[in-house]
Amino acid sequence: MSNIIQNKQEKRAEYRAMFRSNVKNRLLVDKIMMGVVFACVLIAITPLLWILGTLFYGGAEALSWEFLTGEPGAIGEGIPPAIGPAIQGTLIIIGLSSIVGIPIGVMSGIYLAEFGGNWFSKQIRFFTDVFMEFPSIVLGVFAFLLIVLFLGHFSVWAGAFALSLIMFPIIARATEESLKMVPWSIREAGAALGLRKWIVTLRIVLPAAKNGIITGILLSVSRVGGETAPLIMTILGSSQFFSGFDSPMDALPLRIWRFSLQPYDEARLAGWGAALVLVITILAIHIGVRYWFIHKRKKTDMIPRLSKIGV
Amino acid sequence: MATVITPKPENSTVVDNQIKTSQKKYKMITENVNVYYGNYLAVKNISIKFPEKSVTALIGPSGCGKTTFLRCLNRMHDMTKSARVEGKVMIDDIDLYDKSIDPIYHRRKVGMVFQKPNPFPTMSIYDNVIAGVRLNGVRDKKILDEIVEDSLKMAYLWDEVKDELKKPAIELSGGQQQRLCIARALAIQPEVLLMDEPASALDPIATQKIEETITELKKDFCIIIITHNMQQAVRVSDYTGFMYLGDLIEFRETKKLFTDPKNELTAKYVQGHFG
Amino acid sequence: MARLIDPSLEKLSKLMSQMGDMAIECVSIAVDSYLEGIGTGGRVRELSKEISEKYFQVEDLTFEMLLKYQPVADDFRLIRSSTEISYAFSRFGRYAFDITQVRHLFGDISECKNDSLIEAANKVKHMIREAIFSFAELDIRKAVKIQEDEAFIDKMYKERLPKLIELKNTKCALAEALLLRYLERIGDHAVFMSDAINYIVTGKHRPTEEQISSHISKE
């Protein structure tokens, strides 16, 4: 009996020695890997910082009150070009697409998460994923055929339609994933209280998934804020301010594109300025929405709380 | 110790519902309840009468069907696609599984508390307690305030939270959260309270508080509690049912079942020979 | 797989069986030596003391088991009855010692007639043996016989005691009275023991109110 114990103790001592002997090697490998990972991060971040830097450097000069509120005018006549209509157009088109895209996207997400599990929802999920990868120009062409040709002229409706098609799958998937993150026990608790399913879903589960859904919405807004191709075929672009939903409208990506095609220096400068404004606008929307939720976020941030109650 | 030589009844299931005191009223009666998961029979033909204003404990090794059976009592299996329930579950002569009644309406007669505390994460303490009531359409603030105070008092939580009712519910400790869930279940004014291992996720002090709460609540409610802790069953319950592999093996007054079990399997289980 | 409580149950079993053996020896020696006029107080005193010590050990052990293991069902009934039974053993030892003390105190009592005592003594010895074996085997069928024996001793006690008043020789009368008393008490505890064994096996308390009330009327 003591023999066996002796053997065990000897073996343990052996193993210990073995582990200790290659500790130095393992620490070295660890450090190397850290270095590699860090280097990759730098490589990834560098172009981004470069772009931002170039934007600021190139476009800061162009910014002024007139620039932000004036009309583009005809280039080359000595009047400095401005992007007022473009800014207005971008905000309008994002707003309109959101009004259409967000409710439909969220509702689809709710359907997939709460009432899914059958064959039909599996197909929907598949098509949603495919939809997300659709080239936006194809969606633009589709909107062109469906609305522009039908109505006979370029219009804001067509643009909003095309962009909402882009927003919808992103929001739907984000909603579905966030809803799935809400623990099943919450739904059980709601059911045990004798509440109907749609009440449990809308009043209890959805608020708990709020953060993820907001993220999805912001992602989709940023995405469509910068889309150009679908806008070319639907709202066309114009040099005037908004003049009705049934006529063409300007937008920042379109304006940037126009400016960049012209050989004049002032056009190029205006292009940089417009690009800077676009990036700042999207950033502002992000920060604004996040900030508004930060107050509430600290208290209802689910992940640390969930781990606290042991889920 | 040598063998036991005695005329003892053998391994037949013994269900002794005869209470020697006066004619007791039964709050909930199950008749021939069977539960299938697909083709697998998880709960086999269980008939129990639960007396009013008492605590009944269901004990048994893991996987014996206690939770499955408990979930029949408030039709929670409606949420599971592959589950099928047969038999009757009667509260005061109304069969919950009767096709002609609205299950959700009658589900409100049975409150349930789960093993892990699960307060609604985005709501305050006040909103949590009142969730089942307010989301069912009651708006009058006075009534809601009254119900909140009442329920929290019954759950022994009022004194600890009465000044912080707007605090988010998930900032409470585990034991407090569980009592909050009890208050939430009580707020809908149920007639029967089901508890699935309510204290198993809690520390000993919190467990003690829960047990004290249960002992107070049994003066007004019929309570059915699942527990793995046999000492807890002895401390807290008036009647105990022992289940094994889906069958109800023995159902008697707690003291009798634990000092002199009639079925050998019961004796083996409570003495720790298996499970 | 052995449960946590099993080693303690084994220890309890060992203590009880030791006490049982000692009790049988103790009472037999005491009674026989009285009837035969031999003095064996020393041995009996020793045994009685040991039984007493073991009784306290059993008390400690049973309460420790309650504290640690919170036993239920068969274990619980066994532990509960063990306190009663070990008390009975300690009483056997004590009364045996008292019996030897009678001869010691009264001196020479060879002239006293012991006929009635002999039968009672045999019954008592038999009762203790039966009770102890019944405990070892947890066999409650012997309970009836033990009851009958006890009834006999009771009857003899009731009949004999008044007659002792008329006895000329006060020393003998007193000695016989004391003996009868001790034997009767040993018999009572044997019955209590058998009731406790019955509780282990069937979970029912036998109504012993009759015995208890009959004792009260005797006092």
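A, B and C are the chain letters, set down in written order, and residue numbers restart from 1 in every chain.
In the analysis below, a residue touches a chain if its C-beta (ideal position, glycine included) is under 8 Å from a C-beta of that chain, and two chains touch if they have at least 3 such contacts.
Quantities reported herein were computed from a predicted structural model and do not represent experimental measurements.
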Contact-graph separation of chain A and chain C, given in steps at minimum: 2
Farthest chain (mean CA position) relative to chain A: C
Geometric centre distance via CA averages, chain C-chain A, whole Å: 90
Computed distance of Cα centres, chain B from chain A, in Å: 46
Residues of chain B whose C-beta touches two or more other chains: none
Touching two or more other chains - residue numbers and ranges from chain A: none
Residue ranges of chain C in contact with chain B within the complex: 3-5, 9, 13, 70-78, 136-141, 201-204
For the chain A and chain B complex, residues of the former touching the latter: 117, 183, 185-196, 199, 203-204, 207-208, 210, 299-300, 302, 305-306, 308-311
Sites on chain B touched by chain A in the complex: 74, 76, 79, 81, 104-105, 107-108, 111-112, 114, 116-123, 131-132, 135-136, 168, 170-171, 174, 177, 181, 184-185, 188, 201
Chain B - residues contacting chain C, complex: 1-6, 8, 230-231, 234, 256, 258-261, 266-267, 270-273
